[in-house]
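Below is one structure, written out as structure tokens; comments come after it.
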Amino acid sequence: MNQKVRHIIFALSTLTAALSVHAQETAYKASTVNKPINIVNIASLEAQAEAQMQAGAFGYIRGGAEDEKNLRSNTSAFDKKYIMPRIMQGIELKDIQINTKFLGIDLKTPIIQAPMAAQGLANIDGELSTAKGMAKAGSIFSLSTYGNKTIEEVAQVAGKSPFFFQLYMSKNDKFNEFTLKRAKQNGAKAIILTVDAAVGGYREDDIKNNFEFPLGFANLELFAKQNGDTAKTGKGTGISEIFAQAKQGFTPADINYVKKMTGLPVIVKGIQSAEDADMAIRAGADAIWVSNHGGRQLDSGPASFDVLPSIAKVVNKRVPIVFDSGVRRGSHVFKALASGADIVAIGRPVLYGLQLGGAEGVNSVVEQFNKELRINMMLAGVKDIEAVKQTRLYSDKDFE
Amino acid sequence: MNQKVRHIIFALSTLTAALSVHAQETAYKASTVNKPINIVNIASLEAQAEAQMQAGAFGYIRGGAEDEKNLRSNTSAFDKKYIMPRIMQGIELKDIQINTKFLGIDLKTPIIQAPMAAQGLANIDGELSTAKGMAKAGSIFSLSTYGNKTIEEVAQVAGKSPFFFQLYMSKNDKFNEFTLKRAKQNGAKAIILTVDAAVGGYREDDIKNNFEFPLGFANLELFAKQNGDTAKTGKGTGISEIFAQAKQGFTPADINYVKKMTGLPVIVKGIQSAEDADMAIRAGADAIWVSNHGGRQLDSGPASFDVLPSIAKVVNKRVPIVFDSGVRRGSHVFKALASGADIVAIGRPVLYGLQLGGAEGVNSVVEQFNKELRINMMLAGVKDIEAVKQTRLYSDKDFE
Amino acid sequence: MNQKVRHIIFALSTLTAALSVHAQETAYKASTVNKPINIVNIASLEAQAEAQMQAGAFGYIRGGAEDEKNLRSNTSAFDKKYIMPRIMQGIELKDIQINTKFLGIDLKTPIIQAPMAAQGLANIDGELSTAKGMAKAGSIFSLSTYGNKTIEEVAQVAGKSPFFFQLYMSKNDKFNEFTLKRAKQNGAKAIILTVDAAVGGYREDDIKNNFEFPLGFANLELFAKQNGDTAKTGKGTGISEIFAQAKQGFTPADINYVKKMTGLPVIVKGIQSAEDADMAIRAGADAIWVSNHGGRQLDSGPASFDVLPSIAKVVNKRVPIVFDSGVRRGSHVFKALASGADIVAIGRPVLYGLQLGGAEGVNSVVEQFNKELRINMMLAGVKDIEAVKQTRLYSDKDFE
Amino acid sequence: MNQKVRHIIFALSTLTAALSVHAQETAYKASTVNKPINIVNIASLEAQAEAQMQAGAFGYIRGGAEDEKNLRSNTSAFDKKYIMPRIMQGIELKDIQINTKFLGIDLKTPIIQAPMAAQGLANIDGELSTAKGMAKAGSIFSLSTYGNKTIEEVAQVAGKSPFFFQLYMSKNDKFNEFTLKRAKQNGAKAIILTVDAAVGGYREDDIKNNFEFPLGFANLELFAKQNGDTAKTGKGTGISEIFAQAKQGFTPADINYVKKMTGLPVIVKGIQSAEDADMAIRAGADAIWVSNHGGRQLDSGPASFDVLPSIAKVVNKRVPIVFDSGVRRGSHVFKALASGADIVAIGRPVLYGLQLGGAEGVNSVVEQFNKELRINMMLAGVKDIEAVKQTRLYSDKDFE
């Protein structure tokens, strides 16, 4: 029977391939919309965004490494834990409070945005729209080194709203110094040092689509222009060429380098093992960001949610923990907080909101997470984020 | 391949969406039929009912919260336990007895009906038809606060047949007092106090269908009319607006309030944790109703059948236990009874029977459960409900 | 998405239902063929037989109880155990011996035929063809009480080949006596006393097809004719009416009754629990037949292969064990023998062979099992049935 | 519902069967191409090769035994183990080294080619192209006894590149002696003694396609010609006829026979149990080749990756371990090495590369594995093969 099914699927895939080649021939155009979006659920945004985007850009955003097992398990791992419904705790919906603090910053929600490259793919104003959306949501925007907007542009739209700068260290220390100083000067509240992408994961959609960035990376362009540097700055470049310019051999000393250069808190992003979490803290990390890059790097790695408890145990509250990878529901936020995270970051959903509604769409996405989180908290009988963190989750073992 | 499959499914879903919009434009009409129905199995009734109903009404009845994982696991959880075939116990089919007692009431079957709102969606006579059907089956009808018929109307058709009244407490204590007193005066045998719906679960079908109740809630309308109250009474109202009027901050004191107001037994419905079961009993509950609202509330919660044994253990026969959520087979009734339940309630199947056959259809549904239960009892070598409760179930661990 | 899929499946099922109603309107005709059949694998015979048979007859043969979970798990349970490939045992293919003995009868294969009713549905000569096929295969034919041929007819075609008689005890002891004496007189080598079918399982295909037997049960007809009895004898009768005439309240005393009446070995068929196995042996059973009636009775029961080891342990070689339910591969035969069975019975595959090739088709089915069994034995490094029984199987736990 | 689905699938399969019969009627032609191929992933090569090949030849290469459970589990078993992402190990991509040694031979990659019969099915130059491709990749080619080219032809194209000879022992000792001496004289570096194929597994594709080899086996033909032997030599012969001529009753003494006859290292291939590994080493094996013949023999056997750790434990570094069966990703190579293998062999992917790109295609396949392996090593923070072997893998149990 398998053979017959293969024949049928082969015929359908040939048809679809023909259609998708056709789609790629039209020129790239980012969305220009700015309006709140109706969201039934976060997962459904993906197909909506896909219908509006070029295959290459969509594939770059959606795709994961190799067979995308890690991409899928990041989300399905949450299903292994149950939230127990609780009643008679005397809590009114109006009592539910989801505000919290992170690195001394007041937030209206425990949900922040994970730094992501090339947001101009999703919206004509790219990172500036995202920053506005996150500000409206009362949360934090994080600018990627590979953003399509400069730190200065972001700082201007952010105004008093907090933002972080995410650093992909370059092999060129001049670039690192040039960029970190600008981040400091422009008011970034922390530096996110990404250490899990010394080489890009093997992402097949990018290979199938022969994807090249259609837009330049503003902070690389600025450095090149002001310093006469000839390195590639993004436009017309594949992702592997960009990674080739990045520093690869990270050591704990890099954490100290960034701290000294900026005097800002350093959040070490991309940690999956208890050993690395401990090493980073001992090297001076001010926060640990548990992430597997949204399943875009090591497809054979465990689900990010699966490793969170053992990391939380070794961190032992020495520094706060940010968690990302696979978060698509308010219940996922709840479970991550109840498993050791202090704050939860979302990635692709922000870009889908950006594509579909600009700054307002980004805010709509956070509001949807907030809405689901509040309902889950109410039904679990917990009234604030601190209480969520104290909640015991259940697994199948509890019911055997 | 995933991407191709997405394309195909997207095309199909667009087509289907177009068809379903069309269906919604026609006006709402409840069924008027009253006849026994041929049932192959309970699960197949859902598609039959769907084919006859408007999408919004059907979605409101069928739907569960968020991804409907809890809705599905409620039923699939039964598959984790096996009934061992037993032979040579000397039992004739005519010896099989399924009658039982609950709160002193004689029942011809261990299956009662779970209270459900807005039964006028399924039948022109709504709750009155359901009450007749349950009476014919020799069982109990339970009227929801949000029924489309008044307590008085139900009492009249029930006659000598027992019925319960289910209370969604209002923020307005006058309503609670007004309604509970009428329940008492009209002969309700017990009050079911639902405590797991302080806020509505996030049910996506209702959102997609933009569902509003097409009919008023008779007991709310009666109160509004007699007391000049201006609260919403159902018609043209979404479910979240209804829940907004309900009391949310339940405490054990509410159990006592209802007991004092009525002098009737109080069954606390919506319990999933051993802690809450114990708290309710200590606060005076006369029975515990283990339920997760049919998967309509906290999608991340465990399957109702999975939590039953640990609740039964802590209840330790102090009060009887009602069980619902996911029951679709006579074998499910058997397994719930063998896992600590004293009586088993069914929800959606009753409404599908109501839609397809009115009062007679409701009775047909109970008869189908009874038929399957009797066969399962015969093949398991147990002859009455007490023996079912003593039966040991098996799981995969027993065969490793 | 679920909803859209439901719509599509509903449309397809309506279409198919229309086609299948049409199929039923043509008159019943059994196959008349008698020739060896080409078999790729046993599982594929089902669809081949379905294409040739009326829906009702095919459904009666193929169907299982309720959701057919037990029907499926009976076969899938074998996948939980692995046969370890062994090399360098110095065995030639010509050394492989699959002959064995059961109740003193020499057999060319460890595979016998499970008694099944109404074999006239599959072949114009019904049980006579099956008996010829099993004789050619060097194995045992078992005649069901509800066969379409008499004991006398079977005895005549069997000649010197061994056959068993399977008894469904009647509520009418005269029938039991009349029939058992004829079995003895006509040379049956053993009586199979079926005790797991005191009531028929809830088989939905029979209900959907409104199935009635198109042919009479020869041994019931003979008794009715010779004794002026007016009980139903099969033709135009549904299966539940037949079961209603059968004895239901089995006790261990029934085993003794059959032994005394015939002086033949009594094999108690339909045992799934260690307790019942022990009870049957203590009551005088000469062999235990582990079976769940091919998933046709208690759908909530465990897979037959899953219960075999615990039964073998309690039997402890006091009597031999026959195993059936779910056997579709030579490897299944191997695994059953290695888990405590002394002999393995096959059911539906025999009837599919009978439909497709008559007596020769039945023999082809046994030969296919033999061929696969020999290859599996060779690759596992065991050369005879005794060695298969000593073989250790592995499970996932061994590789953790 | 099952029944409806069966009807639909039956209709589709009839259609497909008709199409595939048509495909078989055209004459056999091997590919003549020689060029590097673009590979998105190894798994996708199968469908590409299928589209170019005759059904019989493709089925012979792709197929596994019986239900192909073992074929599938060989690959899916790798998913049970996780590679932990590690950061801050200070490793640059340029530091990653994948060269290694096996039996004293320097290799540019830990990936060798598993011996496979009849490579002329995939390419007009058959084994000669494969040998060139493996030489280009800096690895080892292994010639099967049932190759379409002679040892002499292979030796000529191999030149200074290492090659092994795989022996299927014949029942005719003259053939064994004739062939082993030629292997020795022509410079084979080791003899692979296959012991897991004393009988062919039950491969259904070959039966369905009525497959016969369209080309002769060159080494059998050479022996027949020079010795006037009349045994079958492949062309127009089914696989079972070939196996019938092979020696079946292997004992440890055969290992010694091959060693004495050649003086070369003997690798015993086809071991799945710790007992057989130990027996082979004690009989003089110079290396153990853990393999289940790519799921082509005992479908009920465990996945090859599942048995590797227990074999590695008993081997305890006395001899090196080759691993094959199911390897389709660089991560699989990583996991096998981290579970006890010293070198990893690939089978079907080589033949798909051979079909699609000749010698260059074979090299492309190895390069794709190398590329993925390097990325996985970088992301796991290990820089050479020795470090891969020391890496601890994780499983779900670690995260409970």
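Before moving on, here are some points about what is shown:
Letters are used for the chains, namely A, B, C and D, taken in the order the chains are written, and counting of residues starts over at 1 for each.
The criterion applied here is as follows: a residue touches a chain if its C-beta (ideal position, glycine included) is under 8 Å from a C-beta of that chain, and two chains touch if they have at least 3 such contacts.
All of these numbers come straight from a predicted model, not from anything done at the bench.
With angles rounded to a multiple of 5, the C-alpha fit of chain B against chain C returns 90 degrees of rotation. In the contact between chain A and chain D, the residue numbers used by both copies make up under half of all numbers at that interface.
With each centre defined as the average position of its C-alpha atoms, the distance from chain A to chain B rounds to 41 Å.
One simple way to say how far apart two chains are is to compare their mean CA positions; for chain B and chain D this gives 58 Å.
Contact between chains, per the stated criterion, is found for A-B, A-D, B-C, C-D.
Per the touch definition, chain C reaches chain B in the complex via residues 1-4, 6-8, 10, 66-67, 69, 195-196, 198-202, 204, 207-208, 248-252, 254, 270-273, 275-276, 279-280, 283, 292, 297-302, 306-307, 309-310, 395, 397. By the touch criterion stated above, chain D contacts chain A in their complex at residues 9, 12-13, 16-17, 19-20, 40-41, 47, 50-51, 68, 78-79, 81-93, 95, 205, 329-331, 334-335, 371-372, 375-376, 378-380, 394, 396, 398-400.
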